[in-house]
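These are the structures in question, set out in turn.
Here come two complexes built around chain A, the first alongside chain B, the second alongside chain C.
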Partner chain A sequence: MLTLTPLLLVFPLAGFVILGLFGRLLPRVVVSTIGCGVIFLAFLVALGNFFALGSATSAGQMVSNEQIQWNWVTAGGLQIPFGLLVDHLSAIMMLVVTGVGLLIHVYSIGYMSEERPVAFARFFSFMNLFIFMMSLLVLANTFLFLLVGWAGVGLASFLLIGFWYTRPSAVAAAQKAFVINVIGDFGLMLAIFLMVGKFNTLNYSGTIFPHNGAAFSAGEMTTTAIALLLLVAAAAKSAQLPLHVWLPDAMEGPTPVSALIHAATMVTAGVYLVARSHVIFENAPIATIVLAVMGGASAFYAATSALFQYDIKRVLAYSTMSQLGYMFMGESVGADSAAIFHLMTHAFFKALLFMAAGGVIHALHGEQDMRKMGGLRSRLPITYWSFIVGGLALAGIIPFAGFWSKDAILSAILAQAQTQQSVGLYVLWLVGLVTAFLTGLYIFRLIFTVFHGEPRARFDHVHEVGTPMTAPMVILLVLATVGGFIGTPFADAFSAYLKPATTVFQDHLGGQSFATEIAAILVALAVGLAGIALAWRRYGRQPALFTTNTNPVYLLLAHAYYLDPLFNAAIAQPVLMLGRGLNTVIERWTLDGGSLGVAHVVNWLSRSLRRTETGYARNYALAIAFGAIVIVGAYIVAMSR
Partner chain B sequence: MFPLLTTLVFLPTIGALVLMVGPKGASRWIAAIFSGVTFVLSLWLYIGPLVGGSGTAGFGSIMHPAWSESIPWVHFAIGTLQLNIDYHLGADGLSIFMLILNALLSFLAIIGSWHVSNRTREYMALLLILETGVMGVFCAFDLYLFWLFWEVELIPMFLLIAIWGGQRREYAAWKFVIYTIFGSAFMLAGIILLYFSLGAQNGAYSASFSYLASHQVAGTYSIFGISIASQLLLFLLLYLGFAIKLPMIPFHTWLPDAHTEAPTAVSVLLAGVLLKMGAYGLIRICVDFAPQGARDFALPLAVLGAINIIYGAGCSLVQRDMKKLIAYSSVSHMGYVILGVAAAIGPGATNPAFREAALTGAAIQMFSHGAVTGMLFFCVGVLYEKAHLREINAFGGLMARMPRLTWIYTFAIMASLGLPGLSGFVAEYLVYTGSFANFPAQTIIAAVTMILTAGYLLWMLKRAFYGPLNPRWAHLNDANLLEMAPLVMLGVVVLFVGVYPGFLVDLLRPSLHQIIQTMGSLPVAGR
Partner chain C sequence: MPVPANALLFVSAMLFTIGVVGVLVRRNPLVIFMSIELMLNAVNLSFMTFANALHSVDGWIFVFLVLSVAAAEVVVGLAIIVSVFRTRQEIDVDDFNTMKG
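Now for the complex of A and B:
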């Protein structure tokens, strides 16, 4: 079964090429069949891989699962092969990517149905390109091809954010996302250089798979540097502080894009990267602290920033950033399987929330401002229930999927705090709790203001979306409800499956007592419910509470701490000014001016010298006589010495 | 044996002669046929050694090039001094891929100039003579012959800019010529010094590449009482000419002017192959003939390369003219070649694998930048033909009218900013990997520049092609098939090299391996 793995790349690539070249000539139904069909086939392969792997239990077997090996470049003694690797981590990632991807592709048939045929084909072509690049990122067996996929998903994201290319805001957002992603590529590249310098290879088997002898020495400078650079990459891709500024803007893309790329899959690539290279982080304690701080700060920052947004998709964007923060927090204490578990459940419920938000936007003819919504509960029942289920899962309410995974992370942090007697980790746990409270608050503020109360603006023909859109929503609704049961503290099938890929950290993790787990569950549940209760108090009964407010705290949060203008003023503008300065002072004045100056001097010299060419024989005779005297004189002086 | 190299060099000139006597109306076709045939023949340079049976090793190196043609030319002696100049052409891997690139770009330049209506016949003839000059540079295997072809290329280039250029064409043409001649004067001094020093030292006078590469000048020169290592002086004299061509900061200011004023096809050739003459000379002549001098100069070279990269990008950030922006991006991208070469010759006790990776990256960057920048200039040319404007801010939303052009432009920009899967990434990645071992600080500066590059290129794309359509351009038509043809062909090359760089690497390996071995035999500075 594993030998079919290359098809995971071939199918989406074929879809991209066919639709990209000929999509404009094909009828809509063929385009959607090809676009979704290739992802469906890829999903079948991913499913097969998932079950085929079940029997392999040891980390040592992973390398034998490398599927194809092809020498991409050989320069001197440096070999750069291309290969695919299926292990338990990549199998789960591929299930999420192709599974959720498939649902969103189907959803897009409905959502994008009003686009022109050319744009419709372009959309599916780019979506397939994204799945291809994401699969490459996940399946690569070397850091180099991870980087190729890494940059490739950035390209797909760029193309899809700017899909509506006539909107200046969409195009600006696309550029911003791409440039910040390049910062991440830069970090990953430098990490790669350090690794290739150390190990002379970039294959996982020669670098991060611990049984191959290429050990990262604990606390060594290079190891720490590699880990920190990987964090730069992860922060840029997964929208963590301070490289998060592109994600809220990326909501300019069509909603299926937000659901697939900017919620369910691409933004989780950073989480995958850290999980994949957990060996490095285990040996880089400083980087682990940075990881914890980054995750915690991002989770809290994003949750607070989501509190007062008006744009329905921006709330969800900040929510994504916040949940990714949870995943990184989990990874910082070595709970990689909990983080990946949360990645998976988050993909379910966040894709569901985005689809539901898309349903609202679709029904309201493109309106995204929550201030103009309200009272939609009866008119959009499926969308409403999707939001309720997604919101409960996001807020971590039992028994929905997000509850189990968020709980796994929080209890792992608490357990580690107890084992290590670390104040910092207790603080991290508290940050997690506060964020859980805020999560319940902001998501139910959204739900109550959009669906409850009275409509605040008139919209004609408000109607529930059609089957291609509701079917994926219903499937995700089920998954967001029951998807967490595979990883309960009572029977954790999920981390048992993932164990071969994460063996090492599991051994590090001290015995996690059941009592701790139950205590953590109850506390987290309580704060989540408290958040929802507060949302109900504030917005449930009088949802029109959108008065303009001059409270400085409100302003700070509503503007996401003003980080966007701050970065623009502190980084982007100075760089541009530097460029302007270089161009004027050095380029135009010094270099160009200098060369013109030389030309002027030569010109002046030759004009001056020309005066001596008078044409009179007597002048020349005088000059000759003068020269003769000088020469004779020089001889006499020389002789007399 | 059929003199393939001689044919490649002079077939375009014959084409130019046929043009002058042929019917005036057919000049485009004649030029296209001659350059097309040259291109097809040039492919045999690559295929020939492969089918010859010796595999990829058969491309040979400077010592044993796969292709070689030699006729004695000037031989006379005065006392013990001898002047021996041979008509000696040769091509190993490093030459072959530049010869093919030149043949391809010249052919595409002629196709892309189909719309030129002002004195078409002379224009086409000059393009063909330019092709001859550049071909000669890339396959001369005698140092004097090399210099001769180096100068031959100047004349058509000067005329092409000065006659068919933009508003400030004469200024740009003169600037180009004066800068180049300034450099080549030093280069000639270097050539003569090298030739006679080596002759006096070994008793045998020859300017053939294999002789110069296998015998190295020793000792020091004394000038005005200042003593300088012979090889370092030779390196600097020779390199000055190449540095101007590359162009290396601070000798680059001719390039933005020349690019801005030159007609489209000439810009394509200028960026595509003429700059590569400097890079080729650096690798083939400076490094091969004065390896110790090169090593002594490696650190300054790496610093200059890094400055080139970030300075070019910094200037690109604020350009308003499309061609000028691309010209400065060329300055930036050619910095990778300098950095790669510096890393390959650097003084550190580096793993030879990294040296070879850096040099391979530099060479691939020569090819990649030629193809990618060629695409960018073709795109701007198509736009300029229709809009008669290159001011980025004056456009907007062209996607609505020109989707084909926009997509291929987007592709070229992605290739230029080093997107993995396209050729630029292979080059940059190999350069970085190699140079990080020798020059980490410079490499980090270069890598930071990736961010700026993405910034300015996407800004241009966003400003001109995306966003709402500026109604002023509602009349523009999309690129037609003739305009798309060169773009698509180059695009295929860029994608192919990006996905399967192996074929270029195999082609280059024997040539570059020879250089790495020479560098490996030099003493390593104790650090």
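Now for the complex of A and C:
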């Protein structure tokens, strides 16, 4: 089964090429069949890989499968092969990427049905390209091809955010996402250069795999530098402070894109990268502290910023950033399996929430402003229940998927705090709890505002979306409900599966008593419920009146701490001014000035010389005679010497 | 009694100078043409003088060449002059200055 792994790349690539070249000629039904079919086939391969690897490991045969396809670079002693690596981490990641990706593809058939045929085919070819690049990122066995996939998903996200390219705001958002992603690519590239210098190889087996892990000496400068550069890459891709600014704007893309790229898969690439290279982080304590601060700050920042957003998708965007912060917090204490677990459940419930938001937007003919919605509960029942389940999972309410994974992260942090007696980790745990409270508050504020109360504006023909859109929602609804049971503290099948590939937090309890963990769970559950209760008190019981509010705290949060204008003024504008200055001094004055100056001199010379061309034949004759005299005179003088 | 070579060369030089001055000072194209012919024949005379003095046939051959070129040149030049006269009704070379830069 594992020999079929290359097909994981071949299928989506084939879909991209076929739809990209011939999509405009094909009828809509063929386009959607190819677009979804290739992802379905890839999903089957991923599923086969998952179980084949699991049974091979339990039979004690192997822990990973590395397939070298061919040598890509041979330069002196440096050899970089193109190969695929199937281990427990990449098997799970591929299952999430292709599985959730498949559901979102199916959903897109309905959501994009009003597009023109050409745009419809373009959309599916870009989506397939994205899945291909993401698979390359996950399956690569060298950092070089990780980088190729890394940059490739950035490209695909640029194309998809700017899908409606006639909207100036979509184009601006696509450019912003691309520029910030390239900052991350650059960080990854520098880390790769450092690794080539240190190890003279880029294979995972020569750099980060545990049996070679001793090569990273703890606390050394190079190790710390590599770890910090990897963090830059992860922050840009996973929208963590301070490189998060592209994610809320990226909501300009079609909603399935937001679900696929900005909730389920691409933004988790940073989490994957940190989990994959956890050996480096274990040997770089400084980078681990930065990781914890970055994760905690992003989780809290995004949760508070989501509190007063009015765009339904922006709330979800900030929520994504906040949940990614949780994952990085978990990774900072070494609980990689908990982080990957949260990555998976988050893919389920956040994709569900985005699909449901897309359902609302679709039903209201493109309206995204929550202030105009309300009372949609009876008219959009499936969407409503999707939101309720997704919201409960997001807020971490038992027994939904998010509860188990969020608890795994929080209890791992608490356990580490107790083991190390570290005040910082207790603070991190508290930040996690506060964020959990805020999460319940903002997501149920959204649900109560949109679905309860009375409609705030008139919309005609509000109806539930069609089967291609509801079917994936129902599947995800089930997964978001029961998906957490594979990783409960009582029977943690998820960590057991992932154990050979990453750090697993030691027997989940980290040495603390079972009672402590239960208490921690109850506290986390209580704050989540408190958040929901506050949302009910504030927005649920009576319709909220969205009057203008001049409270400075409200304004600060509603504008996401004014970071966008701040970055614009502090970074973007100076860079633009530098560019304009260089344009004036070097481009206009030096280069253009130089070439135009030569042209001016030649022009002036020719204008003066032209005077000699009088048109009088006798003048010319005189000149010839004079010349002849000069030549003959010169001869005479020369001869007489 | 053979004429001395120096005398012949002197005559040649005089004829050539008269031709040059004629080209430069006259404004009637026909006269300019005649002056040019004068210059060409002055050169022919010096060719013949040197050919005789050096007992070489090269000078004679050059003279034939110059004569034929001169004949052709006169044909073309006269045709131009006639056609210019037909269009402009005058033949002052100083009025033909439309080709100035």
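A few points about this structure:
Simple rule for what comes next: the second predicted complex is superposed on the first by the 561 of 641 C-alpha atoms of A that agree within 3 Å, B and C clash if a C-alpha of one lies under 4 Å from a C-alpha of the other, contacts with A are read in each partner's own complex, and residues count from 1 in each chain.
Everything below uses one rule, namely that contacts are C-beta pairs under 8 Å (C-beta built on N, C-alpha and C of every residue); 3 or more make two chains touch, one makes a residue touch a chain.
Owing to the predicted nature of the structure, the values given are computational and were not obtained by experimental measurement.
Once chain A of one complex is fitted onto chain A of the other, the partner contacts of A:F178 are limited to chain B, with no touch recorded for chain C. After overlaying the two complexes on the shared chain, residue contacts for A:T612 are found with chain C alone; chain B is out of touch. Between chain B and chain C, the partner in contact with more residues of chain A is B. Look at A:F123: by the touch rule set out above, it reaches neither chain B nor chain C. Of the two partner chains, chain B is the only one touched by A:G162; chain C is not.
Using the contact criterion defined above for the overlaid structures, shared-chain residue A:A75 touches chain B, although it does not reach chain C. After overlaying the two complexes on the shared chain, residue contacts for A:A621 are found with chain C alone; chain B is out of touch. When the two complexes are superposed on chain A, none of the residues of chain A touches both chain B and chain C. Contact residues of chain B toward chain A in the complex are 175, 178-179, 250, 252-253, 311, 314-319, 351-357, 360-361, 397, 399-400, 414, 417, 419-421, 425-426, 429-430, 432-434, 436-437, 443-444, 447-448, 450-452, 454-455, 458-459, 462, 466-469, 500-502, 505, 509, 513, 516. Contacts from chain A toward chain B in the complex involve residues 71-78, 144, 147-148, 151-152, 155, 162, 165-168, 171-172, 174-175, 178-179, 182-183, 185-186, 189-190, 192-194, 196-197, 200, 575-576, 578-580, 582-583, 586-587, 591-592, 595, 599.
Remark: chain C residues 20, 23-24, 27, 93-94, 96-101 touch chain A in the complex.
Of all the residues in chain A, the ones that touch chain C in their complex are 610-618, 621-622, 625.
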